[in-house]
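The structure appears right after this line, and notes come after that.
Labels run A, B, C and D following the written order; every chain starts at residue 1.
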C-alpha cells in the first residue's frame, strides 16, 4: 500500500491487521485492566497514557458535565432533532454543534485566564485583581463563575474536593486551584448574593491541573455532554412526537414586524 | 418556578441547587469511587447504575472503537473542518453527523439480527442459516463481518475473549456471543479467504449481551468515536493548513461531464 | 496538474483560470440575462439549463417554502444555535440537519407515491384508491395533505394555479397535478373537517411535473428553507440572549423519573 | 391560541390560514411576477422587497458562488457524507457547517475592511494604504484577493462589470467597488505575479454595495454554495461507494508518531 503524506498523523498507525494508537496495540489497550475511557481520551489527545490517579481525576470532571436537562439548548436540540426523522447520530451532532463559545466555551476561556494570571510575576492576589479589572473594563464577566439559576452549583464542592485530594497526594500541583479560589474570593467581596464557581469553572481547574490545553478543555466537555445528548435523544425517540417545536403547538410566536401589506 | 410538561423527562431532575440523574445526586456520582464514564453512560441511557463488571465490559467495547485514522470519513471530515475556521465543537459535530447507517450502523443492524435469530424457535444453526439466506437473497452482506483491508481485525480477539470471561463468571449470558460465533462459522464454510468478525460485530455482541437496544448500540459507537474525532481535530488544528481538501491541492478531480459550451 | 479519478465528477470542470458547470463557463452564467438561482439549481442538479418558464415555475415552489416561523424545529434550532456562540454557518447547518424524513420528507414521499400511481395500469381513481388503502393499512397518513393548524394552507392555491397555468401553455404535462387533485378529492369524501393539500404536497407536484427525482425534492425544500434559517439566525443574533433554551428560563422541565436516591 | 414572547419575531406572522413575511401574504409573493429567490432572500433578511435591478445584481453574486468542485472541503464533505448512510439533509448540513471563518469567511472580513476604509477621513489611497499596512503588520493577508490556483479568477470580471453597470444606472453608489479596485491596485504594485481579486472579494463588493451587513455576506455565500453541495451529494449518492475516504483506499495515511510499544 502507498502512504499519503497529505494525511499524515501521529495518532493512529493503521495497516492490514494492525491498529496502534500512539504506538500501543489496540488489542492490548482493550485487554488492559488499567485502561478505560478516561485513559483513552488522555492517550489520544496527549500521546501518553495517564497514571491511574490522573485518569481518575479526569473522569470525575467528565462525569460532572453529562447533562443539564432539556432547557439547555444542546439537549433541547438533540430531542427536537429526533422528532424530525433523522438518525441518532444527526441528533447527537446537532447537540454537539452548538457547544460553542457561549454554551460550553466558558471553561476554555477560564483556562486561558489561568495562564495569564500564572504568567504574571506579581503576587497572586494582585495578578487576579488586575485580571478581573481587565475583564470588567471590557464589559465581560469572569467565565466559570455564577449560574443563571443555581445559587450554589452542586458540582462545585465535590470537584474542588477532588482536586484538593489529588494535590495532597501529589497528583497535581494545585496552582490552578489556588488561582480559581482567589478569583472566587475576590469576586465575592462585599456581595450579598454570592457568585459561586460553576461547573465550567470547577472542571476547568481539573483540566488545567492535568495539563490539558484550553481548546481541549472544550473538547472534553463535549465528550461529557454527548452522553446526555444520547440519553435525551433516545428518550425523545420513544415519544410519538413529530416535528417537536420549542413550545407546545398551541402557542404561537409573537409577531412584531410590519403589518399586513400587499406585494407591489 | 413553573414546570413544563412539553419538556418532561425521566432523566434529569434539575432545580435551583439540585441536579439529579435518575434520582442520584450529581455530587454523589462525582465523588463515588465506583462511578466512571461507562457507568454514567449506562445510568443515563438505562436508568440504573451497572455493576462494576458490567461497566468494565462496556468500557472495553468503548475503548475499541475510538479511531480508525484519517481514511475513515468521520475522521477526515473532523480534520478538514478544523482547517475551515470553525470551532472544535463543529468539527466534532461534523464527524458525528456522518456516523450513519453505513459508517457505524452495522453494529445496530447486527443487534437486530441477533434478535431475529434468538426469537426463532428452531435450533441455532438452522435459525442462523435461514437468516444468512434471507440477507443474501436481499443482496445484503451480513453486517459486522468482513473488513475492507484488515484480513483479521485485531479488535475481534480481545473483545470476544472479554465476553467469554464475563460469561464464565455470570456477568452476561453469552447467547449473543453464541449466535455471532455461529454466524462467523457459517459464512466462512468452504472459503479460502476468511471473512472474520469486525469491530462492529464484536462490539455489537457486548452491547447486546449487556442489554442495550440496537439504536443505543449506534449511540455508544458514536461516544467512542468522538474521542478519535477530538484527537484528530486537535492535531490538525496545529497544522498550518487552510481549507484542507481531500487530496493535495496539486491534484484536481477528473471531469467527466459535458464539454465546454456557450450559455444560450 | 494531476487528475484524481477518486474524485471524478460530471458537474464542475475546474482548472487554473477555468470554472465550468456542465460545460458552461461560469463567466457566461454570471453575465447571462436569463440565468438566475432557479436556473442554476436546475443546471447543477440536472445537467442542462431549464427554459425560462420551467425556471419560473420552479422558483415559485422555492419561494413558497422559505419559512414557517420559530415553532418549526429547523428555525428554532437556528435561533438557539446563534445564542450559543457559533458562526452563522453552524446555525444554518443545524437547521438543515433536521430537515429529515419527518420535517421536510413528506414531499419526497409523495413524489414516490405519484410514481406508484402513474405506473399503475388501472384508471386513475382506482389506482389512487388502492394506494390510499395501502397507506392506511400500513397505518400511515397520505404525505403532503393536512396541517397541524392551518385549516387551509394559504400556499396551496397559488401553487396549484401556477401548475395549471404552466400546463395550459405546455410547460408541464399536468399528470402529477391530476393525481394530487384526485388524492385530495378522495381523502376528503364524507368528511366534515377537510384535509387540504399542504405545502409539501403542492411543491411536490411542481417538482415532479418538472422532472426532479424524489430525493431532489427534499433537497430543493432544503435550499428554500435555508433562507428562513438565515433570516431567523440573523434576527436572533441581534438579541442579547445567551444559551437560549426552548422555553423561558423560569420554566423547568417536568421530571418524571426515579425519586431521589443515594449512590450505592 | 396563546402568543409566546419568548419566541417573538418580526419576520413571519403565522396563524391558522395565514402566513405573511414582513407583512406580505405568502400567496401574493408566490404569485407575483417580480418575486424570485433573490427577492425573497432580500425580503427575509432586510424586511423590504428589493427593486428588480437590486435583486438582479444580488442574484449574479449568488450564481457565482455555487460550486468549486470536490477539492473544496465543503463539497468533499457533502459527497463523503452521502456514502455513510445519512440523508441528503445531513450531507448538505455537513457542507454548510464548514463554511467558517476560513472557508467562506473572507468575504465577510473584507466587508468589514470596506467599512473601516470608508470611515477613514483620509483620501482613499491613504486609507487603503494604512489598512493594508495594518493587516500585514498583523501577519494577515488581505481577504478576498489571491487564489491558491486560479492565476486569474474567471468570476472577477463579470461580477465587477455587473457592479459598474449597476453604478452607471444608479442602482448602487459604487463606493465599495472603488475601495476594492484601489486595494487590488495597491497590493499589485511592483509584483511580477499578480494577486487578483477572487470570488470572495468580488461578491463582497456586491453584497456591500447592496447594503448587506458583513455577517449576512457569509450567509449569502452559504445559500449559494448549498446548491453545489446538493448537486454533488446527489451525484455521489448515485455511485456505489460506501464510507468514501478522502483518498483511494489503497493509500494509507503516513504515521509519524511513537513506534510500537507495549501497554504497561
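By definition in this document, a contact is a pair of C-beta atoms (placed from the backbone, for glycine too) under 8 Å apart; a residue touches a chain by one contact, two chains touch by 3 or more.
Quick caveat, the model's predicted, so the values are computed rather than measured.
**Student:** Give me the set of chains touching subunit A intersected with the set touching subunit D.
**Tutor:** Chains touching both subunit A and subunit D: B, C.
**Student:** Using each chain's Cα centroid, which is most distant from the centroid of subunit B?
**Tutor:** D
**Student:** Please work out the Cα centroid separation of subunit C and subunit D, and write it as a whole number of Å.
**Tutor:** Measuring from centre to centre gives 22 Å for this pair.
**Student:** Roughly how far is subunit B from subunit D, centre to centre by C-alpha average, rounded to an integer in Å?
**Tutor:** 35
**Student:** For subunit C, write out the residues touching at least two other chains, lowest number first.
**Tutor:** Within subunit C, the residues that touch at least two other chains are 1, 6-7, 9-12, 14, 25, 29, 35, 69-71, 76, 86-87, 89-90, 93-94, 97-101, 104-105, 149, 246-247, 251-253.
**Student:** Mind listing the subunit C positions that touch subunit D in their complex?
**Tutor:** 1, 6-7, 9-12, 14, 16-19, 21, 25-27, 29-31, 35-38, 40-41, 44-45, 59-60, 62-64, 66-71, 76, 79, 87-90, 92-94, 96-101, 104-105, 149-152, 154-155, 157-159, 161-162, 213, 215-216, 218-220, 222-223, 226-228, 230-235, 237, 247-248
**Student:** Would you mind writing out the residues of subunit B in touch with subunit D in their complex?
**Tutor:** Touching subunit D: residues 69-74, 76-77, 80-81, 83-86, 90, 93-94, 97-105, 148-149, 242-247, 249, 251-253 of subunit B.
**Student:** Using the touch definition up top, name the residues of subunit D that touch subunit A in the complex.
**Tutor:** Touching subunit A: residues 1-15, 20, 22-25, 28-29, 32, 34-35, 47, 49, 86-87, 89-90, 93, 97, 246-247, 250-264 of subunit D.
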